[in-house]
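Labels A, B, C, D and E are assigned to the chains in the order they are written; within every chain, residues are numbered from 1.
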Amino acid sequence: MSATTLRPRRALFGKGFKMTLGGGIVLGAVLVAIFAPLIAPYDPYQQSLSIRMKPPAWMAGGSAAHWLGTDAYGRDLLSRLIYGSRLSILVGVTSMLFSCLLGSAAGLIAGYKGGRWEQVIMRFADAQMAFPDILLAILMVAALGGSAVNLIFVLGVSRWMIYARVVFNLTRALRQRPFVEAATLYGASDRYVIWRHLLPQMVPVLTVVSTLQVAQMVLQETALSYLGLGLPAPTATWGNILSEGSSRLFVAPWIANLAGLAIIILVWGINMFGNGLREHVDPKSRLAPR
Amino acid sequence: MLAYAARRLMLLPISLFLVALVTFVVLRLTGNPVDIFLDVTSTPEQVAALTEKLHLDEPIPIQFLIFLRDLAQGDFGLSLQFNEPALSTVFQRLGGTLQLAGTGLLLAIVLGVILGLVCAVWRDRLADLAISSVAVAGQSMPSFWLGILLIQLFALKLGWLPTSGAGGWRHMILPAVTLATFLLPNIVLITRASVLEMSGEQFVIAARAKGLSRLRVLLTHVLPVSLNPLLSFLGIQIGTLMGGSIITETIFAWPGVGRLMLTSISNRDVPVVEAGVLVIAVGIVLTNLAVDLLQMLIDPRIRRH
Amino acid sequence: MPTDRSKTAPFGLTRRGLGQAALAGGAVAGFGLPQPACAAGKTLVVGASVFPDSLRPGISSFASSSLISQTNEALYSRDNAGQAVPGLAESHTQLDEVTTQFKLRQGVKFHDGSEFTAEDAAYTINYVINPANGYGSLARIAPVTQATVVDKYTLNLTARAVFPTILQGLSNIQLQSKAYFERVGFDGISTRPMGTGPFVFQRWVPGDRYELTANKDYWGGAPKVDRIVIREIPDPGTRIASLVAGETHIIEEVPIDLIPQVESSSAAKLDEIVSSVGLILTYDVRVPPFNNPKVREAFDYAIDKEAIRRELLKGRGELLQGQLLTSNTFGFNPALKPRPFDPDRAKAMLREAGFNFRTPIPIATQSGKYVSDVDISNAVAGMLSNIGVNATVNVVEGGVWTQMQRAQRAGPIYMIGWYSLGDADFATVWFTEGSRRSVWKNDEYERLFVEARSTNDQAAREQAYHRMMEILHAENPAMFLFGLPSLYAVNRKVTGFGAASDKILRLAAADIA
Amino acid sequence: MAEDIATSHASQELALAEAPMDARTLLSVRDLTVEFQTGQGRFEAVHRIGFDVAKGQVLGVVGESGSGKSVTALALMRLLPDHAARISGGRVVFDGSDIVPMREAEMCRIRGRRIGMIFQDPTTSLNPIFTIGHQLREGLRAHLGLGRTAANRRAEELLSLVRLPSVRAALDKYPHELSGGMRQRVMIAMALACEPQLLIADEPTTALDVTTQAQILELLRDLQQQMGMAIMLITHDLGVVAEFADAVQVMYAGRIVERAPVSRLFANPAHPYTQGLLHSMPALDEEDPAVLPAIPGMVASPFAMPDGCPFHPRCALASDVCRAAVPPLNPIAPAHSAACWHVEAVMAA
Amino acid sequence: MEQTPLLRIRELTRHFAVGGRVVKAVDGISFDVRRGETLALVGESGCGKTTTGRLLVRLAEPDGGSIAFDGTEITAAKADTLRAYRRRMQLIFQDPGSSFNPRMTVGALVSEPMHLAGLKRAEQAARVAELLPLVGLSADYAARYPHEFSGGQRQRIGIARALALRPDFIVCDEPVSALDVSVQAQVVNLLTGLQHQFGLTYLFISHDLRVVRHVAARVAVMYLGRIVELASKQDLYRSPRHPYTRALLSAVPSHRPGMTRRRMDAIGEIASADAVPSGCRFHTRCVHAQARCREEDPALRELAPGHVAACHLAESLPS
């Protein structure tokens, strides 16, 4: 310890910075997704084999007509990435919402009702923890086939227990808290306690968990796409682009790399935002990552 | 502690039953394995024989009961692909997965704890910022892409390491590194957070008040106590590691259970999938138990309950 | 690596109880250990693109044939160009219309030291042609009704009718040792193959590797290398990487796009042969929209096949001339020409046919089975989208593929390649009812097929095939795309190996300089 | 020292001038200022305080939460949380050497060996995952270089010293297996392991039950008499001080507002805050007034310290001078000083 | 003739099962709380005093015994009946901070009981505006959040909330022990003032014998789930009859420097409630304990009018 100087060491990546940067990236991606038809220079499905695998503009052989080059079928990579953001975000967010809804309801019931409900729900959650989520997802996609709806369902189902556990523990902890007891003391009904006292307390934590889960879902989608279990080609998702590109890393590395970059930037942004949010909600960082 | 372990082990069948149920239901959804495993030209007699052998002519609940009965005897049936007992098919590949997952886990833990400690000690300094940022970036990276990039760099460009397959230790490096990255970033961040949190505990100040040096307090007081949150995390994430090994084994053509699962699912090799899923589930549950026992060993307070 | 054993140790107990200890234990204990001492000699490592599910003989996939033919041989085998050449039989004579006599090679030894005789050949063939055994490749020699031993080295095969392609058919029937087969059963020969081939089975690790050692007593001369390892490396990028890095000496199935990667390496070179596989997109003609021939014809106009060949196949292979057969196949009809690329016409025809453009049209394909299969499917889907068709690509895994094929529910369009091995008989069979593969039925086609199969009059046969091609061209039960090349990449030090049109690895003469 | 006093901030060392450092002085604190940096801003938790502790003396330090008494203790041990706080000025001379500029390694030789410390909550002060014996031996081995057996023997001695029943068994117990009082005894044993010259006891009984509290105080008193070390006893409970301390200093908002021998402070409090504290405590053996004489208001936030005397917003006697200037700690009787502009009025009340 | 007590507690019992052991938190206690009085419940941590308070307001369910409120048995009352009584019984929490939903404003917090009781919004607002000044807070604070306030102020908010439905009876669970000394007196004064103003009845739970002496009329001393002595304040403090009470009293630090302390009647620490000693629960710590104490559980005996204690030796203890 230096006895004579106190350097006010503030984190360079403070929560504000994280949330601004992360939120900015996420907002940017969402805007791109929403206005994809306006931004994208080409139809992402328009293929022209004669210009396949053209490198990005800054590389030798690239041209300004296709800033990020073209893919193996001569489709404009920039346009595909722009359109890809739509599905990646859509799948990420909706599957998160689905698993959040499913898991939170289960966790709330288990935590509030206790007894047999708790036993059944939490045992099931435990059992599913013994079932690697990606394996379950692979099994289910293989069974159901790859469509956006199935993918959302599968991703949601494969991770509901994360929410169930969080909400279960929160419910149990909150029910012990004096302010919930106080409400009971004033004659509050279960419904009142849940809506007025439990859920509002959980929202910040759930927001953090959900934010980070979106990131996981986006990654999970790319992993499934890599294993050939994502949305069917030629659908433009980042996972599909990365997966298609990964077999051509040698001849056209930019396809996979740009898709990978897009994924990293978005997921990093979401994680950044989520971590900032976590520090904001829970400054002592008791919530483990993920 | 033993009683606890016994009680936990008694829950194992429940977990396994549920896992088996889900697997069974999902696999029955995917269609008739007979159609897959007989050649296009197969005879109706063969179809009937296989149908009977797999009990597919029974109603679904009966099929499940038969499945459970066989399961209790450790009999999953013959692999439709390999024509040998499904369980031994899985066990043949288990060694590869354990080797890979073990190395990856070890790598992730050792590196993660060291880096996390570095972050915590030099909190908010350059080292911390650099490592933490990379860790968050690591969380954000599709690990299979990292695997592919590693092959490109170390196997192709530099030619230092083999691209795929199993062999000597050199074959292990890239897959193990790739698999490690499924957990490493989180281990760094959790270690960092945990060490920082524990550093603020009163007993840390008390230990220093005894005249122990900062480093000694960090290593002998803070670190052991910080391991428990990390262990909890690892317990939960062991499934992620298994999931990661599916992807890693696919990228590196590593002959393990993960890739076996993937091909068996694609090929609807129902016995192997069921055996594999259950073996993985047993592994995860046992690992979790081991983690719990380890936590008890570290923290006597948990032993009581 | 002592850690390996300790890690697997906890499972040793469990395994012992399963009676599979030797098998599993052997595989696991050897795992990760340094290569065994025999690696001191020359080891040739091959990177295969697809591994079969098992070593069961006769599952009619080139992947399994390729592995099994290392250990087991047929009466007649094929050369790299697909021509039948003497194998375990030195010659054959046609005794009458339906009986063929084979003179067997003498002094050939099985790997277990016993001698190969007509007994073994007859036993295997009689096993194959017994429908109760469900032998996969039965269709190849379906007309054969009986195999009879004449003497130790002479074998007679009787067929139902004239069987002009009997040699080609036999080339798919690997012979087993009767004694061994009887001792270990079908499962036994499927787990530990034993034959007369140039290589001796050592180890089979499904999904990973197939290991063999040279048969020093091979009748065709001892192989040049001591040991062969065939590794499954499904990812093409990784496969090429392993070749470039020197881990493998030969790799199968180089994707066209990755050819530059091979060419840029000083260590490897490309080895290419024209194969007889015709790549087609088969329609489900039973249900809308493809029950309408107009729609099928319109689709043919929508695809710029020449552009696909030029860009995706880099000019390799050939454009199918509006028919199933490649130009090097007996029965090819030179009069037919592919329909030109005319998207406007396609669109107009589709409108005319009342085609609903919103109908999803998933194109089912496998991945890595044929050169650029997924790429071609994608390109086709893209071209269909360009005229407004809602086409997607459905990449199907092996097992599901079989299921779909079996149930004849592969979707509205699926991609498949049919090998002809030089003779139309083998390719045209798939559009007959008897193949149980085709949902398209045509009485004239059926009749012509049987006619062509039942005569030795080559001119008559050719005429029949010409007409059958005309029917296919007019009816469009499938979209005829390309005759595909077969592409291997080989380390420059390897000699005596050549690309095979039928994808069978012929390694007896291969050597590493 | 004279120059320091001339600075605009009133130094608290005026009162010390009359009691110059002599050979009996063990600890001499001068102008100690501790600065905190938090998310909300920077503030001084302790402002230029000065005091002496003589060898064998028991000094009580009394104050409410936020008065700076615990921060002072940590500053003396150089155990302030280093990312948030620092000693921004002053000297802390312990047994002849100033510990403020000392290197960490040197500090390690003082902590636990020459200055022992015990904390408010024995539950959180013991590492839950190690046995009592381990935690006791740790300090012994580090400072005295004892071997395992010797350390074990000494640990047993220490536990008997603090009157822990079944000493040998206790060595192998984990903290959670002991009661709160036992844990605090263990903490005391640890702090006294190397027979330090000074023991800093930071609210040693606050977390304990009443009957346990009394036993622990009794133990501390006995040990002090037996071993003769000086004790700095930090507490919010004037009762504890009354029983135990030789001298008391009262802290308020980071400053010492009054210092006196213990009997004098209780008899003649000279600072309105001290007086308020004494009066607001219900008596145990005589009738209270129906309404307790409470100190109105609350302690000001460290970020919004009032100008002048920090106590003036709560003080009935506050005048303009109180609002304008911080009163120095003035001697008003031998060994008694108070920081109030209206000492006479207070003592008259 | 004495009025019916506001609360009549008989043989109230509450046992928990923790890790296979039974914790006898409250083990058959009986007492009355008279209208308008303050009954103090004192004892060390783990003695069951907080559980008793929670049982009275039915935050915990008793395992046995009865609670009669204003002559009506409410032990087994259903939610509807209970609701009517709940308006009349309130609880002030030890840590006011945690008893507030941090996301609610002071106004919302104070009006929550009224909202749940079905009062109209306007009524609620008016009452909040009335209550805050009553507890010494500005009515403007209604729009602020609890974390903006100091501990003392928060406890005032808690008191305002407890008063919202004009209860008869309030359980004060260690209401000042979390507060700084200089603020304690303020809150104690507020509580006693309100009692006089509204004729409230308090059950005052505390471990601080000084504060208890100031506020209570009668004092019950609890040890390991039992009441060991109950008497008027004067009797209890002047002539404690149970060794434990005597120990508690002698343990309180005196305000007189230099005064020598009486010898303690107790040694060691409170036993764990999951391993209650046989006989007299206090015998393990009692310096006077005799053979009988180890075997026979003493009942509460009336030793003087209104003064009960559970000690075999109550008469023979040295003074």
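In the analysis below, a residue touches a chain if its C-beta (ideal position, glycine included) is under 8 Å from a C-beta of that chain, and two chains touch if they have at least 3 such contacts.
In this text the structure is predicted, and so the values were computed from the model without any measurement.
> Which is the least count of steps on a path of touching chains running from chain B to chain D?
Tracing touching chains, the least step count from chain B to chain D comes to 1.
> Counting one step for each move to a touching chain, how far apart are chain C and chain E?
Steps on the shortest route: 2.
> Please state whether B-C or D-E has more C-beta contact pairs across its interface.
Result: the pair with more contacts is B-C.
> Farthest chain from chain E, comparing Cα centres?
Most distant chain from chain E: C.
> Please work out the Cα centroid separation of chain A and chain B, and write it as a whole number of Å.
Centres of chain A and chain B (C-alpha means) sit 21 Å apart.
> Just curious, how far off is chain E from chain A if you go by their C-alpha centres, in Å?
50
> With centres defined as the mean C-alpha position, give me the chain A-chain C separation in Å.
The answer is 43 Å.
> At least two other chains touched by the same residue of chain A: list those residues.
Each of 9, 142, 246, 249-250 in chain A touches at least two other chains.
> Note the residues in chain D that touch 2 or more other chains, in rising order.
83, 104
> Of all residues in chain A, which touch chain C in the complex?
45-47, 49-50, 52-53, 72-75, 142, 228, 232-235, 246-252
> Quick check: in the complex, which residue numbers of chain B touch chain C?
Counting only chain B, the residues touching chain C are 31-32, 35-43, 45-46, 74, 80-85, 87-89, 91-96, 98-99, 102, 148, 151, 155-156, 159, 162-169, 171-172, 250-253, 255, 259-260, 263, 266-269.
> Under the touch definition given earlier, write down the residues of chain B that touch chain A in their complex.
11, 14-19, 22-23, 26-27, 29-30, 123-125, 129, 132-133, 136-137, 139-145, 148, 152, 156, 186, 189-190, 193, 196-197, 229, 232-233, 236-237, 239-240, 242-244, 246-247, 250, 261-262, 265-266, 273, 277, 280-281, 284-285, 288
> Which residues of chain E touch chain A once you look at their complex with the stated criterion?
That would be residues 57, 59, 79, 82-83, 86-87, 90-91, 93, 95, 98-101, 103, 112-113, 116-117, 161, 165 of chain E.
> Note which residues of chain E are touching chain D in the complex, please.
Residue list for chain E touching chain D: 44-45, 150, 152-153, 180-186, 188-189, 192-193, 207, 209-211, 213-214, 237, 247-259, 261, 264, 266-270.
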